[in-house]
Structures are given as structure tokens and as C-alpha cells.
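Below is the structure I would like to discuss, written out as C-alpha cells.
To keep things simple, chains are lettered A, B, C and D as they appear, and every chain counts its residues starting from 1.
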Amino acid sequence: MLDKNGIAQRIAQEVRNGWYVNLGIGIPTLVANYIPSGMEVEFQSENGILGMGPFPMEGDEDADLINAGKQTITAMPGAAYFDSATSFAMIRGQHVQLTVLGAMEVSQNGDIANWKIPGKMVKGMGGAMDLVASAENIIVAMMHTNRAGESKLLSNCSLPLTGVACVRRVVTNLAVLDIRDGAFHLVEVAPGISVEQVVAATAGKLVVPESVPEMQIS
Amino acid sequence: MAISKQVKDVTAACSGVESGMTLMLGGFGLCGIPECSIAELVRLGIQDVTCISNNAGVDDFGLGLLLQQRQIRKMISSYVGENDEFERQMLSGELEVDLIPQGSLAERCRAGGAGIPAFYTPAGYGTEVAAGKEVRDFNGKPHILESALTADFAFVKAWKGDASGNLIFKATARNFNPMMAMAGKITVAEVEELVPEGELDPNSVHTPGIFVQRIFQGSGYEKRIEQRTVQSR
Amino acid sequence: MLDKNGIAQRIAQEVRNGWYVNLGIGIPTLVANYIPSGMEVEFQSENGILGMGPFPMEGDEDADLINAGKQTITAMPGAAYFDSATSFAMIRGQHVQLTVLGAMEVSQNGDIANWKIPGKMVKGMGGAMDLVASAENIIVAMMHTNRAGESKLLSNCSLPLTGVACVRRVVTNLAVLDIRDGAFHLVEVAPGISVEQVVAATAGKLVVPESVPEMQIS
Amino acid sequence: MAISKQVKDVTAACSGVESGMTLMLGGFGLCGIPECSIAELVRLGIQDVTCISNNAGVDDFGLGLLLQQRQIRKMISSYVGENDEFERQMLSGELEVDLIPQGSLAERCRAGGAGIPAFYTPAGYGTEVAAGKEVRDFNGKPHILESALTADFAFVKAWKGDASGNLIFKATARNFNPMMAMAGKITVAEVEELVPEGELDPNSVHTPGIFVQRIFQGSGYEKRIEQRTVQSR
């Protein structure tokens, strides 16, 4: 079974040279830690920076330089700043090659719910609805089940949707799954996890091929 | 001869702001917010305002200061976490909240300033955001119709500015400020540094002065950091 | 009777302190020459400059700094450059207080035709359609009659329209006329021109008040 | 690590351009046009292209060079004067011409790059530009629906750029270049000066590199002036 860092590490393997990547808050943010040095990848943060770098050294933090999670960051050589309209022009115009974000629920149709729980304080969707409605390549990073042990991979989302039929791939603590033709397709299992464990933890329609490899993460 | 927008101070800049008005306020989280104008709005004690701002500040800073005084009737935002007083007022029904996808919020402000009354976007299709909105397919993909946003006053904060109202923002403190400057009937710009006319490179201006009606040099900027994340040396 | 410079001079009297002004090609361009020094007025050219200054001194011309008529210009202190989308955001968003442009025909309804003559080579509307559809305050600068001596102030335009019901005021070599309630209203006559001459040269509905002052231009 | 878009020369930059494609070309008149790319398109001899460009050059410069070789099947522009060969081809029916209000042209390119499939504008209402287009009233004023424009290749010209594709334009040579950079499936940027990564101030970048797929340093710029207007000393 993977921890959050393991999920991030596995997702990092999806990233290709030359890609612009938008990472959501939480597990997705960790993906940046696992990009091989020397790979040409730039991180976009929707509050207005391309070429986001790591956190600043203590004492170098700048209130005017933050990411979408409001964390102080740095800018890499070749970075650019821009306004929010231009930032979402990049996102909506499909100039960002990969979007990674967390979710509360994902359906076998690729629907995603990650912004609102009825009866609880609603904080807002931020940029998530723009990201999921626009991106061509969306990977969801999340735990396979919620704290009550219930599957988060469902036939239909029970929570209010963030986007419809948009998620391509899900990487959880148990498995990598692709979404197509109205079903989850098991691609890999996490180290030490059996196909049966994934089947038991997946409420939505799951297609299991004859042979399922184990994730290769170091 | 250049048109001067310079006013003496924040009091002059906020003259004419009244209860019941719709106000836009630049910033993302606490980054790039018009601190001096917010303080003046608290001092003025205006009531029942509608605030269009990506976020709602924190309990004791940013728009949280207006919320403390219960001056806001309605918030139009994309994300309103990190604010207990906001949550209390929202759950009690004192505060009306309209949540908008962040990209649509930015584009709707730009549209308001650019004379585009409405546009189609895929964001929010199939969600409750689309409720009551026209849906239309383009290139086989459903989009929803979103309308322009404007405001009686827009308050923006820039790094540098000149008397003509030209503005340059710093790093990610730019965020919503340029679009809101476009969309305000009266746009008030506060700047960290008001420089002499001709000192800003016309090629590096982010917001041309035509979008700014009043400008003043702010003071006492706290520029609070919401999430201080650092690497130890 | 006014010449082109006289028309420009009269229109300059319409300009108020604090206004952003867009001047079209031809007579409108001359208006800039008659703005009192010290008046706070900035000229916008739709190809991407606010704070346009006079032509450069010989030898100082810069191929990268032109106006919408493709003429080399200069920038005033406090100028700003921007792209064409932002430029028309200023125009469409009604941030420009006055637009002055030429016309082939104007109707008593405020319609304007100034871009196309059937049977002749069509060069295009450039920014004229955006300007006339958006501006709140449009003044047309033109000769009262065409080369054939026919009125250019008509009940209906015969040429393809540039915009509908948008012209507020017309300044010609003969008169100043306002357009409202479906008629031209005579406001002033040019020096040496009689009301009768204006009536004779105006084909559209013309309302003449009891007393019509003469233009005051020096 | 930053993504490099730098290619060796204009030939590498134009690789893949084919007959029948839709091309966008930045510039206003002859100001800010991609001179090197145009020369290469002539050399390549591609045919039947659709060019989206505010103007069509003059007889012997700019897009006029492509017109001379009869490489253009259709022009989408706002103003096409100052070009006799253009007039000849248009009147003879060899050349198809789609005239678009300048602001709508700029906004349609931006929309194409920004994932906005359509928007409403007042420009052109009541004229032949509105023929066949949806008309809708907003705030009591009629508007027409305009759709986004995109291109197989966009060719833009900047003053300075870096290997990441970040661009800075000079003065009014900016014009249509930034929006066309956004709207090209493949955007080729030629620059007067290609500077080392990290030399451009990230705060002064006009076109962020994400919109540029290939960049090269141009050479031999003529930068012809169309209307040389000066005051005598």
C-alpha cells in the first residue's frame, strides 16, 4: 500500500519531457518532489506563475510570491508572471498538458466530486471546475477509500459534481486505474496489494485484465 | 498632457463609496489586496455591500475586517475558506454567498471591463454552477453562458504607479487586480510606490491608466503571509 | 465655410479635461493640433498606445512606434503600450470618452456609413465598427456634401452601414448638427454660412431652432 | 527545469507547415510582422493557405510577398488597403477575403487561445458583418455572437525572447502578436534578440512561454516604415 508520497511518486512517472503541469493542493503538490532533475517540466500555478520553483530558503520568503495554496514559493529561471484571466486562458485553452488534483469521489464515467459536502461548510471550488472542464489529461490523486472505509471509486458520484466525464486516470494508495467506456480499468496494483483487495475497495464497475503488473516505484 | 488621477489620500480615493454598492477587490488570498482601501471601508462604516473578490480574507485581515463589522451582505468569490467569522455569518444566513469557478470569475471581470456582455465556457458544465444557465455545444463539447461582472468601485493594489494611473504589479500579487481595474466604474488604485510621470517604462505597464480613475500612495503595508513555507538553510 | 482644419478646430472645442480620445484617420487626426496646451487629454490609438504624442523629429522615427494610420509617432510621458485585444477592451468597454471619425454618409437616425462603396475595392472596416458600436460619444467630421455636391446628411444611408444609431453630433464645413429623435438639429453655422445654405445642403430631416449662433473659432 | 523551445533557424521553425493550412501572422501594417517566417513561407512555396492577419502587407513586403507568389487562397483581415496585387486577386476572384472588425478579430484570436468558443460583441450589429450571426440583447443593446479563431501555425515577432518562449514586444509592434501566439496550435516566435534564460524579468514578460512552441533569433530585419511622418528639426 502506498502513502501520500508514494502516490505522488507514481504520478510523477506519468510526466513527460516538455509538459506544463498544474498540481492541485494536497497530494498533487508532492508530485513536484519526484520529477527527475534535468527533465524539462514547468509548473503552472493558477494564481499567476509559470516556472514555479521550490519553497524559498528561510528568510527569503516574499508575500508577493505565492502559489495557489497560498504558500510562499520561488520562481525558476525562465519563469513568467501573469494575471488570473491569462492564467485561466492557459488552462481553458488547453495549453497545460497535465492536471493533477485530489478528489472526494470519482465515478466510472470520469465524473469528479471534490468541492462540496452537503451540510458542511462550503469553501468553494476555486479553480477546480475550470481545470477539470478544460484539461485534456487529468489524473486524480487520492486514497482509494474514505475514512469510513467506503470506496471513493463509484458507479455514480453521490456528492455535488465538480466536472463531468473528465478524469482519465486515478492513482490511489492501492492501484492505478484508467477510466474509459464507463468503467475503471485496473492498470497496476500497489506493492503488496492484491487484485482482490482492489476489487473489494472499488464500488464502481471495475475491469480487471488477465495480468496486472505491480507498480515500479523505488 | 497626461490626465492626472492622483488624489491626496485614501479618504479622497474612497469618496463616494456608499452602502449597498457593489465593490470589487483585487488579491488572491492575502496577496495583492488593497490593504489601505479596506481599512478605509471599515472606517467609513458602509453597510450591505456586495464584494466581488476571489477570497474573503482571514478572520482578522483582508476582507475579514469588513466581515467582522458585518458590512458585507453578499460575497462573490471562488474560495472562501480560512475564515471562521465568514462561516458563522454564512451558516446563520446573514451573509449571501455566490461561488464562481475561479477562471470564470477572472474572465467575467475582464468581460465587464472589455464590453463583452457574455461568453461561453466549459467550466461548471454539469454542476450546480450551470443551474439556470444556457448550455450550448461548441465543437461537440457543452459550454455554459456566463455574463460580465462590473462594480460601482474597484479597489486594486499595485507595486508601482504614476499619476496617469499606469500600474505595475509585483510577481503573483498581480492576480485579479488588472481585470478588476478594468471592470470598476470607478477604479481606485493604491500603490506601494507612486513614481513621477514618465518613470514607468510604457512597455512594462500592466494596467494602462485609462482603467484607473483615482490613485494614491498607500502606507503601512503589512503584506501578511498566509502560508509561510520555507526550506531550512 | 470651414476647411478641414476649421472642422478639426471646432471639434477640438468639444473635448473636455480628463478625456481619453480616439481620432480616426483624415480630418479627425487634425483635432489633436487644436487641443489647448495644459488640457489633460490623452489620445488612444487602437493599434496599442495611450498617450500618443506628435510626429517624431526627423531622424527619430521608430518603425515599432506607429499610430492606427501607420504613421510614425511619439509617446508622451505617462504613455502605455498594450496589445490589440486590450486596446479594443478599452474601446468596447467604453473607457474612451470621445471618438471622432470621418464618414461618407450619416443618417438622421445616427447611422453611419464609412467603409464600403459597392462596386469599388473594399479595403475593410479596420476598427471603425468596434468604435461606432461601442463609443458613447461619437462625433463625425466630414464635408457636408460629396464631390458631386450631394448631401451626406441623409434620411437613410444608401451605402452599407458601419454602425446603427450611434452618431451624436456631426461637424461639417457648413455646420454643427446634433442627432436626436430621428432628426438633425442645427446647433451652429460656420462663419459666413446661412441657415438656408445648410437647409439646402441637408437631405435628411433637419430641425432649425429660431436662433442659430455662428461657430466661434479664431 | 525550463522547457526549451529554441530551434536552430527559421527552416526548423517552419517545419511541418503545409499547403492548405490556416496561418496566423502578427503585426499591424508592417509593424511587428514576422519578416523571417514570411520569407521562409515564400521559399517553401506552400499553396492555398488561409492567412489570418490584421492587414495584408504592401505589394513588395509583408504578406504581399506571399500574394505575389499566389500562395494565399483566403485572407481574414480587418483592413487590406495599400496593396495593388491584393486588389487584383480579390477582384478577379482568385483570392477570398473575409473582412472582420478589428476589435472582433483581436478578441476572436484571444478567445481561440483562451478556450472561449464564442462571445457577444456590439461591433457590427446592423451591418453586413452580422449577416447569419445570432443577435441577442444585453442591457437593452443588441450584440452579435462571434466565434473563436485558431490556426495550425501562428507566426509572431517579438523584440526579446528566451529559450522558454517568453516574449517581450516593443512599443506598438506588440499589436496582434500576443493573441495570435495564444491561438496557434504551433506558435513560432521570431525575436530580434534571443537572451539567456533568466535574463528577462518574469514580471515584464508579455507572452508567457507556454504559448510558444518554437523560438529562434531572426536576422536581417528591414522593419520598413509604411508612413514616415516627421517634424523637421
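Just so it is clear, contacts are C-beta pairs under 8 Å (C-beta built on N, C-alpha and C of every residue); 3 or more make two chains touch, one makes a residue touch a chain.
Just so it is clear, the model here is predicted, and its values are computed rather than measured.
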{"item": "Between A-B and B-C, the pair joined by more C-beta contacts", "value": "A-B"}
{"item": "Subunit B and subunit C, separation of their C-alpha mean positions in angstrom", "value": "36"}
{"item": "Where subunit B and subunit D are represented by their mean Cα positions, the distance between them in whole Å", "value": "32"}
{"item": "Centroid spacing, where centroids are CA-atom means, of subunit A and subunit C in whole angstrom", "value": "55"}
{"item": "Whole-Å gap between the CA centroids of subunit A and subunit B", "value": "29"}
{"item": "Of all residues in subunit B, the ones touching two or more other chains", "value": "107, 110, 114-116, 121-122, 169-171, 202-203"}
{"item": "Per-residue overlap in subunit A, given as positions that touch at least 2 other chains", "value": "49, 75, 81-82, 85, 88, 91-92, 134"}
{"item": "Touch relationships between chains, expressed as pairs", "value": "A-B, A-D, B-C, B-D, C-D"}
{"item": "Complex contacts: residues of subunit D adjacent to subunit A", "value": "1-4, 110, 112-116, 162-164, 166, 182, 197-198, 202-203, 205, 208-211"}
{"item": "Residue numbers on subunit A that touch subunit D, as the complex places them", "value": "18-20, 37-42, 44, 49-51, 75-82, 85-86, 88-96, 134"}
{"item": "Complex contacts: residues of subunit B adjacent to subunit D", "value": "107, 111, 114-122, 138-139, 143, 147, 168-171, 202-204"}
{"item": "In the complex, subunit B residues that touch subunit A", "value": "28-32, 54, 77-81, 87, 90-91, 97, 99, 101-107, 109-110, 121-129, 159, 169-179, 206, 223-233"}
{"item": "Interface residues, subunit A side, partner subunit B - complex", "value": "45-49, 54-73, 75, 81-85, 87-88, 91-92, 111, 121-130, 133-134, 160-165"}
